[in-house]
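Please find one structure pasted underneath; my questions will follow.
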Amino acid sequence: MIVNMSEKASEQEIAHVIERIREAGYQPHVTRGVERTIVAAVGSGRRHEIEALQVAPGVENVVPIAQPFKLVSRQVKPERSVVNIGGVKIGGPEVVIIAGPCSVESRQQLLDTAYAVKRAGATMLRGGAYKPRTSPYDFQGLGLEALKILSEAREQSGLPIVTEVMGTEDVDIICEHADMLQVGARNMQNFSLLRRLAMVNKPVLLKRGPSATVKEWLLAAEYLLSGGNSQVVLCERGIKTFETEMRNTFDLAAVALARDLSHLPVIADPSHGTGKQSLIAAVSGAAVAVGADGLIIEVHPCPERALSDGPQSLDFLGFEKVMRALTEPLRPVAH
Amino acid sequence: MIVNMSEKASEQEIAHVIERIREAGYQPHVTRGVERTIVAAVGSGRRHEIEALQVAPGVENVVPIAQPFKLVSRQVKPERSVVNIGGVKIGGPEVVIIAGPCSVESRQQLLDTAYAVKRAGATMLRGGAYKPRTSPYDFQGLGLEALKILSEAREQSGLPIVTEVMGTEDVDIICEHADMLQVGARNMQNFSLLRRLAMVNKPVLLKRGPSATVKEWLLAAEYLLSGGNSQVVLCERGIKTFETEMRNTFDLAAVALARDLSHLPVIADPSHGTGKQSLIAAVSGAAVAVGADGLIIEVHPCPERALSDGPQSLDFLGFEKVMRALTEPLRPVAH
Amino acid sequence: MIVNMSEKASEQEIAHVIERIREAGYQPHVTRGVERTIVAAVGSGRRHEIEALQVAPGVENVVPIAQPFKLVSRQVKPERSVVNIGGVKIGGPEVVIIAGPCSVESRQQLLDTAYAVKRAGATMLRGGAYKPRTSPYDFQGLGLEALKILSEAREQSGLPIVTEVMGTEDVDIICEHADMLQVGARNMQNFSLLRRLAMVNKPVLLKRGPSATVKEWLLAAEYLLSGGNSQVVLCERGIKTFETEMRNTFDLAAVALARDLSHLPVIADPSHGTGKQSLIAAVSGAAVAVGADGLIIEVHPCPERALSDGPQSLDFLGFEKVMRALTEPLRPVAH
Amino acid sequence: MIVNMSEKASEQEIAHVIERIREAGYQPHVTRGVERTIVAAVGSGRRHEIEALQVAPGVENVVPIAQPFKLVSRQVKPERSVVNIGGVKIGGPEVVIIAGPCSVESRQQLLDTAYAVKRAGATMLRGGAYKPRTSPYDFQGLGLEALKILSEAREQSGLPIVTEVMGTEDVDIICEHADMLQVGARNMQNFSLLRRLAMVNKPVLLKRGPSATVKEWLLAAEYLLSGGNSQVVLCERGIKTFETEMRNTFDLAAVALARDLSHLPVIADPSHGTGKQSLIAAVSGAAVAVGADGLIIEVHPCPERALSDGPQSLDFLGFEKVMRALTEPLRPVAH
């Protein structure tokens, strides 16, 4: 941490900062320039006390130097982590495709989709039982009934299941049915939920919040690791920006950055990332090219009749095309 | 809802849309232009089925017309709502000032602050017991101990208490101690929590999420009203934008807009809205001028020793100055 | 500038950074912590060479300490600047109101508006001759004809004129007719234009760009001051964010911040700031309360027939109401 | 255009809207629902008069239906355009790589770079002569001297040249030296410049503005095409968002979207898109996978000594690695 004194700071103000840095458990290192003085807080102490110096007299601002996360960092664990979900390994040499409907709507719908996505090459199944919906008047999911259908789909198809958990009260029942628990984007900083999932022996898929920086996302993951659960997969799903032509702005560079900063696997969600069926093939290839360890894609037998997320869902044929496109070589470079 | 057909849509595609609109419970009204055809879905039916037509062949896009919220709307209830919190009325002719520390740190700290803010003119006390923190290594609040201190502060000072609830598991115990429950910005779309708070007989302070549009914020409030709790106060606390010089971008026009669209009281949080002690006086006046029904301001006996939010907290003297500034006339206009 | 070495930086890498800092004209000050070393570049040298060290081996990042602007800063000139535009003083004890149509559409329209806004209390007239329009098919302004009408309006009404300059080729002709030249938001970083206006003996109204931070805005002003023109007024007019219910997000706290950082006067544009006629009264009061030295407001004889910006223009009666509201006391605080 | 009447609109207000739609040259088509009436404006008339109805009494809002751009649209010209720059074809079956330094700093620097990037596979050379810089104290480019060096580099290397034009006053001299003129991101809506470049017989590279939606970007291109210059290549270079870990948020999905909406070629700029040397290889592959017709990449003999953009520039070896990575197959999908 660097405490940057203002140009007009008095000797007394500098002395106060030095004393407070010592009290906070750090060693102060003073650098006196022509125009201003800076004081570095070296070592490890109570960080918030240094941050709060921002309002001490004579202080212009306080600049953090070290990254705030630890256990998720590649500086702590340089080798990449692999998360095993019922035999499917995310973070290894191969890209894992997770597919399925936004919501489980019926037994028929889910089983049909499970077989279709498996046939096309997916190795995991997604499907929502408890649905976070912007409006209380939208379809809220089938709940326990959906969990049972998901269990049956896993048994019949052999595909491990990932489904969203919206609150601590649903954790136990979802753990009975699912192979992986998803924390939705809007719950990324639901710290009660994160603390509860840190104590669960199931892998967690942690979606990036629509207004979360990569650092905040990694700190949310740090809640899981520091609480005891290191089976964490990150998922980029687009951030909220001024561009409204697409549902979100799909931040693919963040996939590369998160993999640079953290050893955790990172997958991408082209469906929410764009919100547009017509763009999913293109951005799926891009996500793989940028380094994503997997993709999670919404597929529905008939998107225009879907109870949620129809506009961004692929039908079976569309999903097959996306899967085929992932095996094609990149467009050649001119010489 | 308007279904906007693409210029090349065939008659068959138009017929399909018309049929689907009927199936969804609406009446279709067709307008044929020179270049394109649009089909309006009139009446009330299953909205998601019209939205999903976005992926039907020949459809360019689907445009919503009606506002998605109902009970919070001034179209349903034109007169303004007043919410009573232990005798303090938010939404009436006067501006209510809520003040107190970000976190309850000790009995002494809270009682001192309660008396100081009361003396300066505040009529409600804030203080965090359960703290949502970006990093798991930051101070997480004193929990139950803080709730007891808050109860004591209310008894001694007579100021009603508002404190944050982070998860459904804490709702009962907080209801025993607090006069108003705050839903934090990052939990604005924690729908499990909203559904639980809809069943509580306590007023709720609903902060706007950092990436929530005004419509999404009102829809979050709609969860509370449609679930049975109409004692809701909205709170603007800044949104996340590219501007990083301040902690958030304080969207004061949204206060005016929310009051135009909804009958619910709207207050503003200058502390989180700017994150800067030095700006709080200026933006507090602006918030009142724009129509805010109240302000919630962070005050600490010694901000540079605060365990959280020090940089944006006022000391007692600073808070007194802000309160005095609120009674001064606006700068005169040149003639 | 602080060069923050990575935890694994070798002694050789640290030595290289120290040498490069010396070569760039600074003195290096080294602070060795337990985990990492930081090197401060003290004094004044070639800043970009320190910034470029970000890619030197062993460097984690480079953190600027000093503010990048000089002449606009209150550290250089603590007393507030006052800009005189044909006798109207912006930055003094009174708030200046500038009003008029988005575009000059006809002699009648402008003269009627000039008299109406003067009667209601405005002391300067705005009106666009050269219009920046998102679409080439929109009304592009009357050009020279509009300038002549503006000149006539000034003579008849006595109100000084501000109008937008879109390119260097129009500077001379606009200087002949206008009292103040406006740089539009989308031209805030049109550095050719800024360099040209730095050599003009006319005050400049510099609008904040829709994606400009306050620092970038002040640096754009620095182009004018460092080039020789210190008659600069800043204008906040809203920034582009995810919120689309309003045309822009009106960043009123930035008015207070810009006045903290700079001695230049700062005015606000409630018309572009919200894009909504119905919100202008509320945000105008807020802008004055937050410290704005003036307001610039769009007024049209018949907004629904305006050739541009109709939705955010006030009619004469609406403008009178806004002016009256600015003299009313703030809503009282509850006790 | 759809005029959406409010629920309380009177018959008189509806009649007024109908009349105004007729006056604006459109045919009104009225749809009366249970709750509200909507009036469609059909045909082609004066669009701004319909937009301005937003402030007519009884109108809730006005919703555009048709896309605002014409000549750039694939609805007007379904087949993809190819732009020929001195023999290099952008928009054809192959991906074009443009590389070179941010700024031309010296003859030696540019010639060395030209040969290095050519050897590695680039077929066009970039280099800035006139530099848009946020601060007036930063290196502003060598101007005419740089243009002469660029000309020499083209002669010696055979690579066509692209360089930025910052203002109308430089257009002629740059046309003498360059094969393609770049409009920088911050000038995307410099309409004076666009109108001037519409009359030039040289291809234009139009960068997307940091806060421009895809539609605004296409409308900026429409200025060029409607003014007579159809040799336009679009360039995505990142947008400004709350994420500050990278210089910009690289909106790769926008490349796919722009190619869906427009026939113009679209390239991508991984250097500005991320601002981070370490991410360029990953996002370059992603840009090609998403459909980019080319890449423009900053390369410098010694990035840590670059006068501008050092942190995002590759050295020669780094560029070679990026080029090689573009020929490698995508990571395989797990089965």
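Going by the order they are written in, the chains are A, B, C and D; count residues from 1 in each one.
Convention: a residue touches a chain if its C-beta (ideal position, glycine included) is under 8 Å from a C-beta of that chain, and two chains touch if they have at least 3 such contacts.
Owing to the predicted nature of the structure, the values given are computational and were not obtained by experimental measurement.
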Greatest separation from chain B - chain, by CA centre: D
Pair joined by more contacting C-beta pairs (B-D or C-D): C-D
Gap in Å, rounded to a whole number, between the CA centres of chain C and chain B: 30
Intercentroid distance (Cα basis), chain D paired with chain C, Å: 25
Centroid distance [mean C-alpha coordinates] between chain D and chain B, Å: 37
Multi-partner residues of chain B (at least 2 other chains): 211, 239-242, 244
Complex interface listing, chain B residues touching chain C: 88-89, 92-97, 121, 123, 211, 213-215, 239, 241-246, 249-257, 260, 273-274, 276, 278-279, 282-283, 285-291, 323, 326-327, 329-335
For the chain A and chain C complex, residues of the former touching the latter: 2, 4, 7-8, 29, 31-36, 38, 40, 42-44, 63, 65-66, 75, 240-242, 244
Residues of chain C that touch chain D when the two form their complex: 20, 47-49, 51-56, 62, 68-70, 132-139, 166-170, 186-187, 189-193, 209-211, 216, 219, 222-223, 226-227, 239-240, 277, 303-308, 310-311, 313
